[in-house]
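Some notes on the structure that comes next.
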Amino acid sequence: MLEIILFYIAATVALVSTILAMTRANAIHALIYLIVSLLAVAVIFYLIGAPFVAALEIVIYAGAIMVLFVFVIMMLNLGAKGDAREKTWMRPSVWVGPALLTIVLFAELLYVISSAEGPVSTGVVGAKQVGLSLFGPYVLAVEIASMLLLAGLVGSFHLGRRYLDRAPSSELGHQQEGE
Amino acid sequence: MLMINLILILLIGGVVAIFSERLGADVPRKVALAVVIIDLIYLLIALSTIPQLETLQAPVPSDPETWLMHYSVEWIPAFGIKIELALDGLSMLMVLLTLILGAVAVSASWTDIKVRQGFFEANLLWTLAGVLGVFMALDLFLFFLFWEVMLIPMYFMIAIWGHENRGYAAMKFFIFTQASGLLMLVSILALVVIHHGNTGVWTFSYFDLLSAQIAAQTAFWLMLGFFVAFVVKLPGFPFHTWLPDAHTQAPTAGSVILAGILLKTGAYGLIRFAVPLFPQASMEFAPVALWLGVAGVIYGAILAFGQTDFKRLVAYSSVSHMGFVLLGVYAWNILALQGAVMQMVAHGFSTAALFMIAGSLQERLHTRDMREMGGLWQNMPRMGAIAMFFIVASLGLPGLGNFVAEFLVLLGLFQVDRLLAVIAALGLITGAAYSLLLMQRSFQGEPDETRQLVDFGTREMLTMAVMMTALIVLGIYPQPILDISRPVVESLISFSSIVTGGSL
Amino acid sequence: MRELIGLIPLIPLLSSATLMLFAGHLSRFAIGLLGVGSVGIAAILTAKMGIDFLGNPEVFKVTLWTWMQVGTFSSDVAFYFDGLTLVMMSVITGVGFLIHLFSTEFMEEDVSYARYFAYLNMFVAAMLILVMADNLLLLYLGWEGVGVCSYLLVGFWYQNSANGYAARKAFIVTRIGDTLMALGLFLLFTELGTLDIQALGDAAKDKWQVGDSMPLIACLLILGGAVGKSAQLPLHTWLPDAMAGPTPVSALIHAATMVTAGVYLIARTHELYLFAPIAMIAVALVGLATSLMAAFTALTQHDIKRILAYSTISQIGYMFLALGVGAWTAGIFHLMTHAFFKALLFLGSGAIIHCLHHEHNIFKMGGLRTRMPVTFWSFMIGSAALAALPMTSGFFSKDQILLQAYQVDGIGPWLWFGGLVGALLTAVYSFRLVFVVFFGQVNTEPDKDTGWRMVIPLSLLCILAMMGGWIIIPVTQVFPLAVFEHPAHWVEYVSIAVPIVGVIIAYLIFLGGQLKVDVFTNSFVMQKLQQFWFSGWRIDWLYDQLLVRPYYGLARALKLEPVDNFYRLVVTISQTFNQWLSAGQSGQMRRYITSMVFGLIVLLAILVRAS
Amino acid sequence: MEGLNIPLNHILLIASLLFVIGMLGLMIRRNIIFILMSLEVMLNSAALAFVAAGAHWGQPDGQIVFMLILSIAAAEVAVGLSLVLQVQRRFRSLDMDSLDWMRG
């Protein structure tokens, strides 16, 4: 019974903080709400019997990835001017249309998932089981994930270097004239 | 092997021509001329070994062994694609015409081309190679391949060395031929698939596909695919509009090849493929094709009359003349078909020569606009006299090749449909109108004494002499040509009449 | 000897080719020698053949080679020689030789001397082929060949655009007739299976009945060709304009030989015409109408050559009348005498023009009788023959025509009467010409007199024009014998008297001045009528409005290629699609995402429906 | 723990709500940082659905897909953020709408 209440609280927190994260003007504020949302999702993971995933969610998602965001936002140094501009971009004319589309899509999803029945979980699937499948039938997926991460590493290393600044901006300007 | 060699000599000659440019700007044209002439001599030597009797023997369309030459090796056995070449009287005439006009074309562009001569001559030779392939290939896949091969170098010739509006003209030429070629490809593939469905054999060979059994409705659409491809090339009304642009913008050699040879591939295709492969469907379609032919004859002549651009006028005259070929093919009796073959040969010479004259004028006057010409006879009497010769040839003066052709076509057509023959005969009158207008506007009239123009020199006179001799011989003693094509034409007619159970 | 018949057209042809190829390397004397000599040799050979033939009148045929043989169609390059051929060849080479000789003087100052003789020799060759041809296709070759030579010679002085226009008009108008004739050939071949002239006659006897529609159509088509070439109504308009060419050309081509080719053609194919009586009547009516129309027109012209041109049209009309009434011998006879006296008149006018600084207007001439006596006498004799005054050559031939026309059942007397009116007019206009040009006061002084190369042809032609009527042409084997009953004597007397009356009228009006016609001619109606006649009955204008202008308009309207509009439409449509689609490529990420979402919604909806 | 006794479609409802919110953010935000964040939300919601489905069947496969998604998210963020840095350096702006050179 407690878990059920906890679940609905976590779900509410996740939804509210995500909505707030999407609508904030200040990037850091938004990020904090996002972290909250992730943590709430981690709680849900734990509740539905996936403790290993809950841990990963907190450590890697809320921890590593979000910190990356924080670093970048700090490097960009957006400031108050950026916030003001964000506000001007959030006019109703911008979001009414997308919102309608979103509602339609949600309605469709609702229709689809309404047919799902049964309890969400019947027991805990622990780290051991996950590890066994991971290096059993899913070993190829592990390899793919490692390749992907390597590619991400190389890509971000290359893109992050400052010497790209020397890339001929005149050439880019030229292209623009050529349009 | 001989036929492969003919094509290979030209293809390799093209490569040699590109590299020979390093030896000097005027080397490639000499190389090209040498290559074409070697090819011609090679062909003549090979032909001389065929006994006279055999050229007069009727080849059975579906039996390659009765043809003058036949060569076949496997290429892609999985689909039954072979490298299959064959030569009968009709192809032989066309191949000879191609090589002679090829040499003429090289001569026509002797001084015309100022940049990248090597590549130009290479394109010229490759076009010739493609055309030879088209005239000799009897595997439909190979035929289609050569059909495309001759198109692309020609596109380059117009697009790179053409005149002021070359990009547009080259693109138009390309799209028209390419799109119609794709229709033909669809037809070829459908034909092969249907034949496979009936017999379980994959084959692209003309000889096998002749006997394919196709439902009438399907045959009609397949025939239409071939017909459109060939009529665009011919060009027949109303698919002719690429021609005036392409001709006007092409360099002289390009126009010579285009008018002299490339258009004939369309006519050849109709005679060789479109009708024999689908005799029944062609018979049903013949009235439409004949009306298109008549429309081409008259429409081309009227538009030629309205032009002020020398080359455009000649281009429209081609439309008119090739209308006679279409008439000849679809009248499908021996008179008309022989006339169509004659027209292919004679028009090749007369129009090529007119384009050479147009090119020479443009080189000297830097304009093709006839409103800026006039009285050129005074400045260049030799060119004037030669122009007069070819103009009266093109208007169908008896004693020159074109007359024999037009007469036979009309006579053959008259036996099939008198009304059409009467309308087509109007083309003789309108033909005279535009031809003489051309003469009047360019060479006659008020001369401009201040012009300093160089008359034709020895090289040009020699080239012209070749074509004039050819036209005179065709005009007063056409029998050798008629004898060469007669067995082919007769056997085609009898073949299709067996299939349709009657005359077309 | 017979095998050498091929040489007769070949020699002028070779000479022509030589002149074209080596024009720059030959002296003027050599050019003249070659040009005149080749026709001279042809004339000598013809004379030899003629003498042989008269001694032993045997028709023969020489086949040189097969021209084309396709399926059942076959045509040889073969020459057929009979009396009719002989007459035509004699006229062509004989008169042709004299005109060539005349030309050497007339053209001596022209820069394109060699070109002139090249064309003229080629013409003689083509004309010989025309008359010698054994089949209609070879005849057609000569037929078109003379057409081109005529075109080349009319437009000889190409520097003047008007000449070029006249030349083109000549060619195209005759081409209309030629095309009709070509259709006639197609029909004949399709119906009778041959184009060989003799075989056609035989085949016709087998397959046709008199009065069938096929022979009628075929004969009318052939008549179309003849009408074009011989400048008869309604295709006569080119001939007056064709006078733009050098005058000896007018004499040779547009008076003596080429324009009479139509007469020859109908005479040659008379066996077919026998199956189509209606076509014969059509020939007669065309001839009569033309001769009257042209005679009226000639009466009002100022230009000496135009007068002669209309007179030629009119005289050929007589020949057609003769052919139409079945008087083939008379028609051919008139063809020959006409060749003599009309060549004479043209050469005479050429001499005048030559000596009078290229003056063409007869009212600027006058009093030349004493200045140019040879020319005067040539003109007198020529005009007398033209007017058919008794004892001249024209008298014999025209008289025969009129008398035979009278014999025709039904319309005969009307034809005869029409012919008489024409004869009267002929006498008036021809002597109007003589009186205005040679009598009265001198308006323009000639700057030179005729040299021997002009005098000799003129004198010889004078003799022929006077005596030609005594020649008996050897065509009795060619044509069926006409059943000739001598008509009442009064008919004959009237026929003889009418030309004399005409001359007297001309004298009274134009020379003596006794007959005051000013009041009459100045009346409003007559003024209008004169203008109408002067313009050639407005036929040129009519064609201009009905055919030439619409054709030019059509060509101009179509110049920009309306068919291309369809393809341009295809291009425009694909460009429009291109614009639409590339407008979607806005570069705005959010829009892409939005459209992806939209797509997602649609896909999901499809999935939901499907499940 | 012996599982959670709530209907599966409730958790799927949460997941889809999170997904559409992320998508809405993707569509309405112009700042690249926010776009990347929205992507994170969407990836996360998808991961939630996977894990829930896995839990429903008592299988570890859902969790494995979560880990795949995690690595994708990590790689994506790494590359995306370095791109953000480049964009900021070159254009002095993070406005997605101004980066429309690919306009057709």
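Letters A, B, C and D mark the chains in the order given here, with residues in each chain numbered from 1 onward.
The definition used in the following text is that a contact is a pair of C-beta atoms (placed from the backbone, for glycine too) under 8 Å apart; a residue touches a chain by one contact, two chains touch by 3 or more.
Just so it is clear, the model here is predicted, and its values are computed rather than measured.
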Which chain's mean C-alpha position is nearest the mean C-alpha position of the whole protein set?
B
Between the pairs B-C and A-C, the one where more C-beta pairs touch:
B-C
From the mean C-alpha coordinate of chain B to that of chain C, what's the distance rounded to whole Å?
37
Find the geometric centre of each of chain A and chain B from their Cα atoms only, then give the gap between the two centres in Å, rounded to an integer.
68
Distance from chain D to chain B - Cα centre to Cα centre, in angstrom:
65
Distance between the centres, which are taken as Cα means, of chain C and chain A, whole angstrom
99
Using the touch definition from the top, which residues of chain C touch two or more other chains?
594, 597
Contacts with two or more other chains, residues of chain D listed in rising order
23, 27-28, 30, 101, 103
Hey, what residues on chain A touch two or more of the other chains?
98, 101-102, 105, 109
Please give all chain pairs that are in touch with each other.
A-C, A-D, B-C, C-D
Can you list the residues on chain D that touch chain A in the complex?
1-14, 16-25, 27-31, 33-34, 36-38, 40-41, 44, 48, 51-52, 54-56, 58-64, 66-68, 70-79, 81-86, 88-90, 94, 101, 103
In the complex of these two chains, what residues of chain C are touching chain B?
20, 65-71, 73, 77, 137, 140-141, 143-145, 148, 151-152, 155, 158-161, 164-165, 167-168, 171-172, 175-176, 178-179, 182-183, 185-187, 189-190, 551, 554-556, 558-559, 561, 563-564, 566-567
Give every residue of chain C touching chain A within the complex, in rising order.
594, 597-598, 600-601, 604-605, 608
Residues of chain D touching chain C in the complex
23, 26-28, 30, 35, 96-97, 99-104
Where on chain C does chain D make contact in their complex?
581-590, 593-594, 597
